[in-house]
Amino acid sequence: MSAPADHPGKDLEGSGEPYDALVARLERVVGELERGDLPLEASIEKFAEGVRLAREATRKLDEAERRVEVLVRNADGSEEPAPLEGGGGKGNG
Amino acid sequence: MAVRPGETGDLFAQVKPRALSVSELTRALRVAVEPRFKDVWVSGEVANLRRQASGHLYFSLKDEGACVNAVVWGSQARRLAFAPADGQEVLARGFVEIYPPHGKYQLVVNELEPRGAGAQAVLLQRLKEKLLAEGLLDPARKRPLPFLPRRVGVATSPTGAALRDLLRVLHARFPGLPVLVAPCRVQGAGAAATVAGALRSLCRAGVDVVVVTRGGGSQEDLFEFNDERLARAIAACPVPVVSAVGHEIDVTVADLVADVRAATPTHAAQLVAPVKDELRAGLQASRARLLRAASEAVAGRRRELRALKAELSDPKHLLSEQRHRLDDLLRRAEALLRGRLRAERDAQDAVKARLGRREPRARVRELVARSEDATRRLGSWQAATFRREELRLERLKARLAPANVAESLKRGFALALAGGKLLRRSAEAAQGDALRLALAEGWLDVVVTGVDAGSDPLPGRTRPGGAGPESGGGDAVERDSDHD
Amino acid sequence: MSAPADHPGKDLEGSGEPYDALVARLERVVGELERGDLPLEASIEKFAEGVRLAREATRKLDEAERRVEVLVRNADGSEEPAPLEGGGGKGNG
Amino acid sequence: MSAPADHPGKDLEGSGEPYDALVARLERVVGELERGDLPLEASIEKFAEGVRLAREATRKLDEAERRVEVLVRNADGSEEPAPLEGGGGKGNG
Amino acid sequence: MSAPADHPGKDLEGSGEPYDALVARLERVVGELERGDLPLEASIEKFAEGVRLAREATRKLDEAERRVEVLVRNADGSEEPAPLEGGGGKGNG
Amino acid sequence: MSAPADHPGKDLEGSGEPYDALVARLERVVGELERGDLPLEASIEKFAEGVRLAREATRKLDEAERRVEVLVRNADGSEEPAPLEGGGGKGNG
Amino acid sequence: MSAPADHPGKDLEGSGEPYDALVARLERVVGELERGDLPLEASIEKFAEGVRLAREATRKLDEAERRVEVLVRNADGSEEPAPLEGGGGKGNG
């Protein structure tokens, strides 16, 4: 599974890369696909990268959503504030 | 003023026959009179009082024997401490003015006050001027009354109606308000000294305010309150002094020096004592406002906080947006890639179709066809060539056949040879010649027995044929000609 | 219990501060509270001050239950207050 | 639980921060969230901070309200004024 | 069966040659065929080469499409990301 | 068996001569024969050459045809060899 | 070993004289005979020559035909000589 040259071989899962950076990379991937000047194999690789990026971004969204839900639950007047799970939301995933 | 000094001086020195003009006379009178009466006090009774719209007061001052016109210009009139009325005895201060156009004189009044007994009024006036000059009447000296005195001092007669009225109203307004009464005489000679003493006693005993009061009475009854020592005692009092002496129109020096002048003892009580119920109500209102404001401080913040909390938008919508965005991006990527694959597929199909059109089978078949055709033509050529050549040879052979002597011999013709020489005419031989006859097979040696040169051995023939006389020989040649 | 700067540390109880000064302070406190531009904590402090002021003012109103007296001259020439007979009767009722 | 850079790691509970400062921070947080230009992770952190701030602010309001109630109860005619709890209202929270 | 001089005797199956290069070669072959100036034998060789190229290109395209399907399937929220088959998509064919 | 001057004595079998040239020579031979101006012996020689050429052409063309059939069959990459549409249309009839 | 007209009586068998020359001589002989102005002896000689020429021409023609048949038979590469269509039908009979 060779990664594109500008992101050599990173395992995205659990990476510390911010969500927006992931999405920006995904957008760049789409842009490159749109330009249409990639060789077919590179296109497929790009798409694979896009899929990985999207999956990782989705994972981050899921995690964020869980965090938000906990926050919202605690925000609504519950007397005992449950500890915010996962703290910074990154180390948890 | 055109009057020359000399002429004026002459006026009183001697009587001259020369008549004065009215103006001269008037001028002379003014010069003579006005400087002398620049500041005079005049007492009298007000009559014919008229108030102009401009504010000027016109009236006459009169007594039993005389009458003089007087005016208070509006600017002064507005400052008068009281409102004069017809029949009122007043003390006026001002100057005499002669007004030439009317030929009248009048008193221009600067100050006007109600007049007591005539001589005393002038003394009183002097006292007022003195106190005024010392600043004791200065409005700036006036001290405010305590809002709620802890103890009210009252200098009055303990048995008078004034004290009764005062206490009644005072305690009606503020029940239980502490009152310390310093008894004193309030009329008659020497009363002023007792009032002053009471004042001092009250100040020593400790009060927040002092009320000096007595009921109404004659001018003489009140005269003690014009006493200078009393006035100075009031001025010296360390706490504010309220004077309520006589009736409202009776203004004494004590009234002037006091911090506040009350018209009546009742009025004094109103000035000195607030209404306790009102205070309580005010306090209650303040406390209510206080509580309301505090509650509002919390409640308003709670509302704000609630609004703010509502505004603290749950980032779920953001997450949802992002999910859409991710989905869109991925879908776009997928669509692009699938489009690319489709395009590649189409391009490939097109190229394959082009390749298919160039499939060499047709060309192979064309070549095969050409090759087959050439092969066929080769066969045709072969057949035609051999047929033609065979025919040609046949024809040649056929044409050769007539020249075949052997055939003629086979048909029965014979050759006649005489001495090795072929005979063609009968005349070439003579009877008895030995001839050799060549037949189809073998020879015959014969001798000529006769010669017939005249008759044709083969009737119908135009060309001499074989030389043999036997027609059978000729037949034989013809008969066999087909068999070669 | 810090008092505002313009009334530093007075013990109001029994103090010589006049009723109207108390009331004025109370009004000022109310006004400040009503303006609503105080921080919450200051508001509460103001409120506490207002409550104290109101209580003190009430005390002052209520404490003034005394009788009407008259200065009586003693034999030695000194004076002292004595209940006013007949005069205070009405004022007391 | 990493806090944003401008409020590094404070535990808001029991902090001496004034209510209005809390609310101002909350408003800033709300504003920043509304501008919508924060990275996702920062948004979530901001939201978490907002929730904590709102909870703390609510707590302070509740406390202020209790304090007002106590003051009112004591002001209303009770002879012995209960000692104002907490004095300045800060050491108590 | 001699291959043309510029692509001597390669077995295209499983070759690492990129798709676009294959298609470019195929285009060139078709173009040469279309010019029509080749001897029959060369035509046949060209055609044979074209057929091989077309088959290989089709195979690569099919493979690419399968890969995309797998990627898409995995992209859609499946929790366990199936390993991307074939990695670079080349070693698998 | 003398060959014509321009194709001296070649053994055509297995020769590298292109099909087209073979067929063209065959046609020329036939043409020369058909003109009929050759002596018989020369004609026979020509004929013999023609026969050899025809034989060689047929052999080569048959071979080519078989080869093309195989290619076309394989071109679709499918197991069952469908004829290339639009291409073999003529040779097929 | 040409047998010109002026050398009658030669044995033509095995001569290298071309078929066409033979036929030409034959025609000349036939022509001379047909003119009929030859003495019988000369005629017989001419006739004899014509006969020889005809026989030799026929022989050559037959030989050529046999040769062609062999060629044709071999042309198919098969053992049984398929008759060249349209051609061999007559030559064979």
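All chains are identified by letter, namely A, B, C, D, E, F and G, in their written order; residue positions are counted from 1 within each chain.
Convention: a residue touches a chain if its C-beta (ideal position, glycine included) is under 8 Å from a C-beta of that chain, and two chains touch if they have at least 3 such contacts.
Not measured: the values here are computed from a predicted model.
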item: Subunit E reached from subunit D - shortest hop count over touching chains; value: 2
item: Contacts common to subunit B and subunit C (chain labels); value: D
item: Chain grouping by contact, computed as though subunit D were missing; value: one piece
item: Copies subunit G and subunit F - interface residue numbers shared by over half, same or different; value: different
item: Label of the chain whose CA centroid is most distant from the centroid of subunit G; value: C
item: Centre-of-Cα separation between subunit F and subunit E, whole angstrom; value: 34
item: Rounded Å distance between subunit B and subunit E, as computed from the means of their C-alpha atoms; value: 64
item: Overlap residues in subunit G, where contacts from two or more other chains coincide; value: 19, 61, 64, 68, 72
item: Per-residue multi-chain contacts in subunit B, two or more chains; value: 287, 291, 294, 297-298, 301, 309, 314-315, 319, 322, 330, 334, 337, 341, 344, 352, 355, 358-360, 364, 367, 375, 378, 381-382, 389
item: In contact (per the touch rule at the top): chain pairs; value: A-B, A-D, A-E, B-C, B-D, B-E, B-F, B-G, C-D, E-F, F-G
item: Interface residues, subunit E side, partner subunit B - complex; value: 19, 23, 26-27, 29-30, 33-34, 40, 43-44, 47, 50-51, 54, 57-58, 61, 64-65, 68, 72, 75
item: Touching residues on subunit E, where the partner in the complex is subunit F; value: 39-41, 44, 47-48, 51, 54-55, 58-59
item: Contact footprint of subunit E on subunit B as seen in their complex; value: 330, 334, 337-338, 341, 344-345, 347-348, 351-352, 354-355, 358-360, 363-364, 367
item: Partner subunit D, residues of subunit B touching it in the complex; value: 287, 291, 294-295, 297-298, 301-302, 304-305, 308-309, 311-315, 318-319, 322
item: Touching residues (chain side subunit E, partner subunit A) in the complex; value: 18-20, 60-61, 64, 67-68, 71-72, 74-75, 77, 81, 84, 87-90
